[in-house]
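Two complexes are shown next, each including chain A; its partner changes from chain B in the first to chain C in the second.
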Partner chain A sequence: MNASTPSEPTSRRAFLRHGARLLGMTALGALGGALAGRSRSEGWVWQIDPAKCLHCGNCATECVLEQSAVKCVHAFALCGYCNLCTGYFEPEPNALTTAAENQLCPTGAIQRTFIEDPYYEYTIDEELCIGCAKCVEGCSRFGNGSLFLQIRHDRCVNCNECAIARTCPGDAFRRVPASRPYLLKTSHAQ
Partner chain B sequence: MVSTLCLFALGGESPAEQRFPPPDFTETGHQLPVTTTPPPRALWVHYLDVAVLAGALALALWLIYKKRSRRGLFWLSIFSVAWFGFWKKGCVCAIGAPQNVAYALFHPEYAVPLTVVAFFALPLIVALFAGRAFCAAVCPHGALQDLVLVKPVKVPAWLEHALGVLPFVFLGFGLSFAATGSGFPVCRYDPIVPIFRLNGPSLMVALGVLTLLLGLWVGRPYCRFACPYGALLRLAALVSRWRVRVTPDSCTQCRLCENACPFGAMREPSPGVASPPFVRGDRRRLAALLGLLPVLVAAGALIGHRLGPAVAKLDPTVALAERFLQQQQSPVDHGLMTPEALSLQRAERDPKGLLQAAAEMRGRFVLACALFGGWVGLVLGVKLVSLSVHVRRADFEPDRGACFACARCFRSCPQELVRLGLMPAAEAPRPASEPQAVNA
Partner chain C sequence: MKREFRLSTRREFLGQSAGALALLSAIAAQRASAAPTRARNPFAYDVSRLEKTDPRLVTHHEVARWPAPQSPARRLGLAPDGTLFVCGGHYVTAVSPAGERGLEIALSAPPECVAVAEDGAIFVGLRDHIEVFDANGRRRASWDAPGRKSWLTALAVRADDVFVADAGQRVLLRYDRSGKLLARLGEKNRERGIPGFIVPSPFFDVKVAPDGLLRVTNPGRHRVELYTPEGDFEGAWGRASMDITGFSGCCNPISLALLPDGRHVTCEKGLPRVKVYSATGEFESVVAGVESFAANAKACGASDCSRGGLDAVADAQGRIFILDRVTAEVRVMQRRA
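So, the complex of A and B:
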């Protein structure tokens, strides 16, 4: 190699290489400086704005993960605890029981628990939920809208370009700061 | 009971309405459960990743330069595949990071996380000083392909040169689209990450499996012929301060290392100074190619500019606007509540806003395509120029840019075997005082 030993005079090639390396370091430094002013240690994460979600069902199929990182969550404070829950039951159920043929959820991910007459509590089993939004549609159309979709950050891998966001018909996906990673429904004022 | 009655009182479709008042549970005193919010990865986990990256880079450098140990790099590869690959599911990764940097430079509202900046800069700084140690065993993509390589075949030089342009093209593709905010194509078309996640879009999973199958015979196909970050590292490694050398002391030109590199990075000593007529012809060709360079750039930019509107249809907003305009001319029934119908409804609510957003997006795509086209022209031109520039080499040595520092060639050198005490010094080929006749 040229100029590998110090006794040799610096060749033209080695000189150019030296200059290019300095240039590269300067460019990296300048880039780092420009970004450091704006960069934050805290990152951004994707989230669904429930006010814009159209419950289309894309979340179940478009996520890069085999089991979508989007799940249904329940704002219990908004729930009417209805006996005939339109998020839980098929449009015309045979009976208001937990029998599979009455349920709207394709995976049986909603648990129905009796609290007191005539109130029932509905909780989501996230292991089973696929994020298809069938219950969200039922609850929003005929009920209080207490069931809604959210990206669960224990599952989301936070892709640079969210695959569901690309196909979301409602344009409901946006980046939110990692310190406030959820857009929960808390009141009907939203 | 209550709810059945209430159903009759239903209004139209207004999700923001409290149709059924929440009960107060005076009878049982039932406490409402709290909606859980599992947090994203904590900040310290991100910093741990940066620390692991820095540690792995330092270890790789030590193994390459000090220990000269292929076995050590093998174990480090397994660790990297496990940690950065399967455990982190391929994110955060240096290969996609240049896009984030480009996006952040042109979008002041986007604050690029420090982790991403570190993943972008650390391997580059190392490459500027000591070559592609990151590729050797730290990058999970490279490490996985390195591990599956069982029976290397030699790629013909012409194919190697031709395909070697692709990483630069892919780099330009990723950077121009990220900078204009039109997408992150390097992440979208990454074939290895679906392997780490064990799922993904079927096309990319198929590509990933194909890449690994090909990688059984062709060493590191993604690294050599696609990786955009590898293209950056190659540029940095070309001017590196230190470099990987086959022999620990002096090359005897025994040619034993000639076929040791499975990645086509080994370069043989160049013949002596060519005769003057040859040199004159070469110079003329070089001048012509340098003159061709701006023409290629302009042609590329023009072609890119022309293709822009067609490429823009890949964007969801532009696609929706196109569909909306088409729908107005010849309505198609998309069914009830399908994503297509829902998005068209959204378009109908605010057609002006949508068309405006689509026009802006299309403008960005046209700019991105023009930039990309110009870049492709530049890459092709520079490749042609570089093919007509001759580098003088006295010894067998790995090409600075192409060498992944995998350490496979070390053991092929008899001098190295002598150093390790695996061969008596007397049996090693004697150092040649001058280049052998075969190379003249």
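So, the complex of A and C:
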């Protein structure tokens, strides 16, 4: 039950603190370690403004890395925990089951878990997510917009000129302080 | 809390991983050949087929259109004398069916919903409480907030009762005209056979039908439910489906109007469309399809759909007034001869 807005850059500490509650990110431990290792406490990193993202697909194909540093993240606080999740299911699924033909994600990166009738929780397997934004479009178009893309800084090599930013039709990439590297969606209702 | 079924088996997981690897190879091949900006998105979420309405299903045409008096425009109300009330900005404004503005009530916060009683009393729902005005716009009362999480999205008045849809608490509240809370209706109750409301976003509507029963949207279950004023569950109709006969997306319908003969008018978001269902819930026709709300459909795609949406009321002549919250316009729709 929310309307959402992208927030100001979120500090690494706040991101980590709220990670378990806000975001379906599976590698927070690795994230913390990787960030510390790269000592980016000074300087700037790239990030996607979720309010500007047009879900064009370039994030999956334009990153210099073999598997994009861009991943889908999930703001659970915004999620409706819908049975018919339009980020998880094809627009016209045969049935609301986890069968592969019903799933929207091209890599099967979204896990659907029953909570209680009729609520389901959706989490992203980052190893499988390629950042294609198909689920983001489905969730934004028909749902609460709780799925969105972020550059994961445990993966991103912080190119001087981000290869995706060059082609981004939404002009959604911007530099943010390395100490606050995420632009999370938050809830007016909180 | 329990899991209804297992997650991926090892074989499925390996299959998915193999699929991901194959996709990465395809992406690499595409990178080698593609220009920096491609015209086509290989991962497009394609609902274009559903954005076209069969013209044979469209029974109404637009006879007038006027701008909402204030924006952002949120909801419509209809007084018993046929005057429309439009919630927008920090105002509720009375408007004639031809679009001429009348009484305007300034509020301390954006109004979410409005209803007008037979005696002219105007009930306005702000996000967390109700304010009551007389027919001249003088404030007569302000009721206590029903709950910390309240998000009031609809009001319906019947004789001595005021029904309030609280999307934040997922409950229908029944008050008397003095603001005394009489009952909480529609909360999940196995013994009484009440399924409970699923309201993922702030769209939750209630109307009092001429048969005396309440019609309440249950968007997460993709249906309209019928309740007695005492809260007994009397039935439901509607089903989830992207095709025109059902309710699309995660959570629809978002609002509801009643025609004088008891038929229903429903509004959807995501695929913004307005349709007519019979008094018993069979799909009948389309008032306006997705093509009619291009900006509204796009608004939902760009960020999220809690800011888009449509609302409708139907007057005693069967005219349907549709508020497009994105363009802040009201369209007057009439059935084709």
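By our rule, the second predicted complex is superposed on the first by the 146 of 190 C-alpha atoms of A that agree within 3 Å, B and C clash if a C-alpha of one lies under 4 Å from a C-alpha of the other, contacts with A are read in each partner's own complex, and residues count from 1 in each chain.
Note that in this section a contact is a pair of C-beta atoms (placed from the backbone, for glycine too) under 8 Å apart; a residue touches a chain by one contact, two chains touch by 3 or more.
Quantities reported herein were computed from a predicted structural model and do not represent experimental measurements.
By the touch criterion defined above, A:Leu54 reaches both chain B and chain C. Applying the stated contact rule after C-alpha superposition, one finds that A:Asp171 touches chain B and leaves chain C untouched.
More residues of chain A lie in touch with B than with the remaining chain of the pair chain B and chain C.
Applying the stated contact rule after C-alpha superposition, one finds that A:Leu84 touches each of chain B and chain C.
Of the two partner chains placed by superposition, chain B and chain C are both touched by A:Arg141.
Looking at the shared chain after the overlay, A:Val45 reaches chain B, while chain C stays out of its contact range. Of the two partner chains, chain B and chain C are each touched by A:Glu116. Of the two partner chains placed around the shared chain by superposition, chain B is the only one that A:Asn160 touches, whereas chain C remains out of contact.
On chain A, the surface patch touched by chain B in one complex and by chain C in the other comprises residues 1-2, 51, 54, 56-58, 66, 78-86, 115-116, 118, 137, 140-145, 166-167, 169. Interface residues of chain C, counted against chain A in their complex, comprise 1-5, 7-8, 12, 15-17, 19-20, 23-24, 27-28, 30-31, 34, 36-38, 41-47, 50, 149, 151, 167-168, 170, 198-202, 220-222, 240, 242-243, 248-251, 269-271, 300-307. Within the complex formed with chain A, the residues of chain B that make contact are 1-4, 6-7, 10, 13, 15-23, 25, 27-28, 30, 32-41, 43, 46, 89, 91, 96, 99-101, 104-105, 108, 110-117, 121, 124-125, 128-129, 183-184, 187-188, 194, 197-201, 235-236, 238-241, 243, 245, 316, 337-340, 342-343, 346, 391-395, 397.
On chain A, the positions that touch chain B within their shared complex are 1-2, 13, 17-18, 20-21, 24-25, 28, 31-32, 34-36, 38-45, 51, 54, 56-58, 64-66, 73-86, 115-116, 118-119, 121, 123, 137, 140-145, 152-154, 156-161, 163, 166-171, 178, 181-182, 184, 188, 190.
Put simply, chain A touches chain C in their complex at residues 1-4, 50-51, 54-58, 60-62, 66-67, 78-86, 91-92, 98, 100, 104, 106-109, 111, 113-116, 118, 127-128, 130, 132-134, 137-145, 166-167, 169, 189.
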